[in-house]
Structure formats: C-alpha cells, structure tokens
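After this come two complexes, each holding chain A, first together with chain B and then together with chain C.
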Partner chain A sequence: MPATNETLTALEAVLQGLETSEFRGDTRATVPRESLAEVLRLLRDRRGFDLLVDVTCVDYLNYRDARDRFGLVYLLANTTTNERITLRVYVGESDPTIPSAVPLWEGANWLEREVYDMFGIVFEGHPDLRRILLPDEFTAFPLRKDYPLQGRGERHNFPVLRREEG
Partner chain B sequence: MAIELPENVVVSKLDELASWCRKNSLWPMPFATACCGIELMATGASRHDLARFGAEVFRFSPRQCDLMIVAGRVVMKMLPVLQRIWQQMLEPKWCISMGACASTGGVFDTYCVVQGIDRFIPVDMYVPGCPPRPEQLIQAIIDLQDKIQREGTITGREFGLAARQQTKRALVELPIISGAPVLSSITR
Partner chain C sequence: MSETINTLDAAIAAPPAGAPPQLDEQDYLWTLNFGPQHPATHTTLRLVLKLDGERVVDAIPDIGYLHSGFEKLGEHLDYNQYVTITDRMNYISPMANNVAWHGAVEKLLGLELTPRAKYLRVIVSELARISDHLLCNGAVGLDLGAFTFFLYAFNQREAIYDIFETVCGARFTNSYTRVGGLMHDATPLFVEKVRAFLRAFPKTLDDMDRLLNRNRIFMDRVKGVGILTKEEANGRSCTGPIARASGVTRDLRKDEPYLAYRDFDFNVCCATAGDCLARYLVRMAEMRESLKIVTQAIENLPSGPVNVGIDQRTALPQKRQVYSTIEGLISHFELVMSNRGFEVPHEETYAAIESPNGELGFYIVGDGNDTAYRARCRPPSYIHFAVFPHLIRGHTLSDVVAVLGSLNIIAAELDR
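For the complex of A and B:
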C-alpha cells in the first residue's frame, strides 16, 4: 500500500519542499542526508513504520543526471496498516558517511554492515561496523562501479601448497 | 629348480600388493561446496554405488581420509580452509577436482572466486562437467586407481624427507593478504 497522505504531511512538516513520487503503488521520497535520522525516527515513532525491510545502496558512477555518487535506499513498512515507503538518500564520494539506523531498528545492524562491506559507506553510530561477507583482509569495496569485476588480484593472493611440502 | 605352486596362489611384488591395497580402499573427504556435491552424494548412494570401487567410506574428518574430492566453487574465504584440510590429511593422499568450478572457476570469473584449486593445492584428477555425472566421477576414481597402481610405494611420498614432515607438523596460520587495515582505506 502506498504511503498515506497523513504520512506525507508529517514528512513535509519537517522537510520543506519534499520530493515524492509514486510508481506502481510504491511511494518514494528523497531525503537530505542531514535530516535522515530525524525522518526515520518520525516515521517509526509517529507513523508506525515498525519494520525496516532493507537498507541497500546504488552506485551512480557515470550515471546520466546523477545527483551524487551513492544513493542509499531505505525500505520501510508498517506491519499493521501495510503502508510502505521508500526513502532515498544521496551521499558523495568524498565523505560517504550517514547516521546509522541501528538505534531505531536492531535489524539494521547486518544490513548496514553489508552496505559497508560492498560500498564502503560508513554508518556513524553503528555498534560493530565490520565486514560481513568478505574476508577481513580485503581492502576494496567490490560493488563500487570503479572496482573491476575480476578484482585486483585478491583471488590469487594465497600461499601455494606443493606436493612435496605435504 | 621349478617350484610347484597350487592354483590358488598368485606371485606378485610386495610393492604391487601394497599399491593394490591402497587403490581399492580410498577414503574420500567430501569437500562439497555447490551443486557438484549433490552429484557426489549420488555417486556414493545405492544407484551408482561407489562401494564397487572400494571408495564408499566418506569421512568428514580429514585425518581419516586419503582422497579429497573438491566438488564446487571455492571462494577466497574458503581457500584457507581448503588448504588447512589438505594439510591435515595423512600421506599418501590424492585430490580430485570435480567439475568446472573447482578446476577453473567455471562461469564465476569474479573477484572472490578462486580460478582453479590447482593454483594452490596439488590436484591428481580433473573431472569436466557442470556438474559432472556420477559416471564421470567414477571414471576419475578408476583413473586415479590406475595412477596409484603405477605410482607404487617405492617412490611413496610418505617416506619423504624429514624436513617435509616437520613442515606438516608446524602447521600454522596461512596468511592471506598482509597488512592493509580496513577502516583506513574507505576512499579506495
């Protein structure tokens, strides 16, 4: 179910000139980075968005009319009214930091760790921001578009065991 | 002076007898990481019946095995585990690389998938296929048996240098990529 008018009014009360759009029954809103924490708290506490469905990221490198390098996507749902909303936040390459949603939804922990692992977005206030899928020694962020598909030789960087060495 | 032998007595070399024992009692270590593992299980099950070739005793402890069957793709995070298990296996030991992914990386030509386990551990037999049928794996085991028979025990690797034995005992952590802290390289 798309976001209700009450939700959009509540958002517009804190964000003047809020950009919203609707596509096939899904409401999308673009939120500036500074007000993300406030907006998330408002949606959870006052509008009943009790479920953080997903946190993910898009790299807009070489993308036409891109507003900034990265676009973070927050999918929220209200499990009593089935109301859903998608928030999009743009962050730049030079300072890819954003406030963490873990204080609001405990489930954001591993979602944000995955975004950090793949894109290098730093979530401020995250209790345990480590890599989640890749080895700890990995030095790059492989889902960034400027990272080569076949890597930079990480997959070949292991000791070789020979037959005579047992 | 000719020696009369009863009909049920066969004369052979001790070396060949030992090889014959070895090749017919392979104990596989199933290192199954993907869909090839399903075919590996089918090979061990009743229809294809790996017991016909004496290799049905799958053990999940590397210390009880002498044949490692790597079935499926191996990623960066798994390779140190694979190498450690290989080092934990007792001599004499052999390795079958089952399927396209284990042998070459297969279609997974990406940053985290190892492009063939033979880059990092020794491999005796390669099985093509995606995934290979059980018959192909059985063929590989038969070929490996021939190889074991030909190899013999005289040049057996388990009687090798003392230095090698020490290498095995001094099994330590395998370093992957040295240095490079993670948090300080955010802009890369």
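For the complex of A and C:
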C-alpha cells in the first residue's frame, strides 16, 4: 500500500520542499544525497520501515528529462502496516558516491556491492565494498548504458590455465 | 608442522617484550573449498570455509559463476521476449517468475487482466510453489541421507511438469505469460490433470510427513541448526518461507493481494524457531495451503476470454478475430511489426509477488519503447545467500549442507 500522510509529513519535517509523486499506488520521494542517511534512519526508527526490500540503480544516460546520470532507488517496506515507499537519490557521473545503508540494515551489504559491481557507485562506510558477481580483475561497470551488450572482449582476455601448468 | 611447533615453543619460551605473542590464524585454521562443483551445492556456487577442527569459524561465499547479464539483456529484449529469460532465473519455479515479470509490466502499463487470466496465473504459480518446495525439501532430505523422501518428492514434481506441458507445451522453461494475458487458454485436459493431481498429492504429503517428521536422524541434523531470529530476518531483508520460519508474518498474497488472491481462503504458515527444521516445516505446511488455493481456483475458474481485449492493444487478438475482422487484423499487425508494438509510459514502477522463495519483484523503468530502459530483478536467493555465513558460524561442517539446503539457493537466480 502507498505511504501514509503521516509518513510524508514526518519526511517533510526534515526535508523542506520534499518532492513526492505517486504512480499506480507507489509513493516515490526524491531525497538529496546529503540527507539520505538521516531520512533512512528516520523512516526505520520512527516510521517502522524495518525491511529494506531492495537497493538498485538506474543509469539515466540519454533518458528523456534525466535529472542526473545515476538514480539510486531504495525500496522500503513496513512489515506491520505494509506501507511501502520508494526513495530516489540522484548522483552525478563525476562524483558517484553515496552513504552506505549497511549501518542501518545488514541486508544492504550485498545489494550495495552489486550496485557497485554493476554501476561503479561507491558506498561510503560500506564494510566490504568489493566486486561480487564479476571477477575482481574486471575494470568496467557493465550495467552502465555506455557499456555494449556484447562486452568489450573481457572474456577473450581471461587468463587460461592448462591442466599441466596448474 | 614441526617448524610451526618450534616457532610456537620459542614464542612461549621467550615472549617478545611489550606485545603479547600473536598467533597467525592460519596456524590452526583449515581452509576448505566447498564448490563450485559439489553435489550438495546442487548448483554452481562456491564457499571458502575456515574450519577449526570440524567447527566452521567463517564462511566466505564466492559467487558469480553463473552471471549471464540477465538485467542487461532486459534492456535489449522486449517485454514479451524477456519472459524467456525470467524462466532461467529460478528454474525450479519458472511459472512464478513469468507471473512476476508480466505482473510488473502490466502494472507499468496500467492493465487490468481478465478474471480467467488471473485465476489461471494463480493456479500455475501455486503449482510452481508446490514444485519448488518439493525440490527444496526433497534436496534437504537427500543431502541429509533421506533418499526415499527425495524420490517421493520428485515423483510428484513429475506430475506438475506434466500439467505445465499440457497448458503451455514446455515442461521446464514455460514462458507461459504474455503482456495482458497468457500464451494459451487452459483446456479441459488441463483441468482434469490438475484435479487428478489434487486427489493424489495429499497422500504423498502425508507419506512425506510420516517419513521424516518423526525421524530421529533427520531431526538431530536440522533442529537448532542455523537459527535466524525475527529481528535478523527483517534487518537482513529476508522474505518468504525463511522469514516466516523466524516469526515474520509477512506474506504478499495476504498483505498486498495481487491477482485473485483476495478470493481464496488460505492460511499464512509461520514458525518461531527460525532453524532449519522450522524452514522445512513451513514449506511442508505451505504446500497444503497451496493445494487449498488450487482447489478453490480450479473449481471456480471463471469463463470468458483469457487475454485483454483488442482495444488495449497489448495482447495478440484471437485468430478468429484476425481472420474475420479488420480491427483484429490491424491490431495483430501493429503488435507483431518490429517498429510498432505498444506504448509504454515514461515512468518507473516496482511490483512484487510472493514467489516460492520470497519476495520476487521487478523494478522496471519504461522509456516509451517496447523494451525496458532498466529491468531490475529483486532476487530472493541472492538476499538469502548473504545470510548464510551468519547462519553457519559456530556449526559443524556437516551442517553446511543442511543450512544451504534449507535456504533454497538457486544459483541461476543468485547470479543472474
């Protein structure tokens, strides 16, 4: 169910001029990067959003009316009232950093590692920010829109170990 | 080894001044590589275990062996083509993935399905839940030595595969849903096969209960192993049977009723212990509840069309309409021509279903084209596998398979 008015009022108390929108029953709020940690803490501790459903990212390169290069998406849910809220944070290409949510939700650990792996967003304060799905030697961020579907030949350059050498 | 002892002796005899002697943990910890090809991982995933004798001190998951860029492909395949990729995510219950993907697409489009399509989607996703739980519990039994139990479970999965083959022609990778409806309508043969399954399956469930629920060996292996508390389950984003075994009562079928779940009478199965046994029991109980839902749905299956009408311009019209009416013909060509398709709003949305493994959701960004701008999948296996090191710490090596089995990690969904 969409976020209640009380939740939105509580958010507005910390964020003057809060931008919210609703689409097909989803409540979305745009949060500036500086206030993200504060807003997440407020929602968890005072509004009961105890479940971090997902952390993901969208690369808005060439997207119509794009606000900035990357948009991080935090999906939160309240497991008692079933309220849901979507937070969106925009970050630029030159400084893709954002505070980590791991101090609040342990579940953010792997979700943020995946976003780092695929988009190169750096989560400040993350305990273990390494690549997770791709090999450590990989240098590109494949879910960025400027990365081609068929790759840049990384697979052909993987080191080959033969049985007799291994 | 003798060198190590000599160094240790020297350290004990003459401790360096100031600092206490530091023992490198490598001196007494074993490192064991578990996987990526190990029969008990069932799929391709790797764990590096640090062992103190038989006790697991730490487990470091190393994943990504099956990463195939499903989310990148989602940005290049159109909304109907991508359903074939969702089959390959959690391939134990592909029907549930199909329903989740097209549920999210239809939410983005603002489409309301026909009652018959809703009921059929409920039936196939509940059958998928039974099939998934049978495999998960069967594999837990197999890994802990109960081979008979596994065969009982797999025998019934075969019946579900037959039903899926009847309804969509494919046993394994179903791709049954389409935007605005389904690939085919259900036939009387499908209804007959589902009814036969509903008659036969309770007996198997009773047999399975009798095989393991009072089995001393099984109980000793799963009771009190891998305990996850309710706070940890929420804090670590767990959903589905794993969270419900820890006392979380969240079930999207009840809490955010999608499709036709509002019409059915069923219970949410929970436990409070949070150990492997609780997860096993929750899954066994959920199969009985799924049976209740399928029974109610198949007996009250609404008649009428299975796809939305041609005025919605999303689902292919019936062949009869294509051959006999001009609207049907135009609509058909509009949909199949490569530069046409349907209009998608310039918006983003998230929709989730209660998949057998937990909350399976898709975050879709539409940009007006017939392909998604971004198709993010919230994979329950990925989130649950992150909990694994926490659950296994302090248990013995033989408990690794019990905990891994009870989490139901499907590596294709884990790595996508």
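By our rule, the second predicted complex is superposed on the first by the 157 of 166 C-alpha atoms of A that agree within 3 Å, B and C clash if a C-alpha of one lies under 4 Å from a C-alpha of the other, contacts with A are read in each partner's own complex, and residues count from 1 in each chain.
The working rule: contacts are C-beta pairs under 8 Å (C-beta built on N, C-alpha and C of every residue); 3 or more make two chains touch, one makes a residue touch a chain.
Keep in mind it's a predicted model, so treat the numbers as computed, not measured.
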{"item": "First, second, both or neither for A:Leu51, with chain B first and chain C second", "value": "second"}
{"item": "Touched partner set for A:Arg163, first chain B, second chain C, both or neither", "value": "first"}
{"item": "Touched partner set for A:Pro135, first chain B, second chain C, both or neither", "value": "both"}
{"item": "Partner chain(s) touched by A:Thr27 [first = chain B, second = chain C, both, neither]", "value": "neither"}
{"item": "Partner chain(s) touched by A:Glu154 [first = chain B, second = chain C, both, neither]", "value": "first"}
{"item": "Touching partner for A:Thr7 - first (chain B), second (chain C), both, neither", "value": "neither"}
{"item": "Touched partner set for A:Ser100, first chain B, second chain C, both or neither", "value": "neither"}
{"item": "Chain B and chain C footprints on chain A, overlapping residues", "value": "134-135, 142, 147, 149"}
{"item": "Touching residues (chain side chain A, partner chain B) in the complex", "value": "93-94, 96, 120, 122, 129-131, 134-142, 147-152, 154-166"}
{"item": "Chain A residues within the chain C interface of the complex", "value": "1, 23-24, 26, 50-54, 56, 58-59, 63-65, 73, 75, 79, 82, 86, 105-111, 114, 118, 132-135, 142-143, 147, 149"}
{"item": "Of all residues in chain C, those that touch chain A in their complex", "value": "63-64, 67, 69, 71-73, 76, 107-108, 110, 232, 234-239, 248-250, 255-256, 346-350, 352, 359, 361, 363, 365, 367-368, 373-374, 376, 378, 382-383, 385-386, 415-416"}
{"item": "Contacting residues of chain B [partner chain A, same complex]", "value": "76-77, 79-80, 83, 86-87, 91, 109-115, 119-122, 157, 160-161, 164-165, 167-168, 174-178, 180, 182-183, 185-188"}
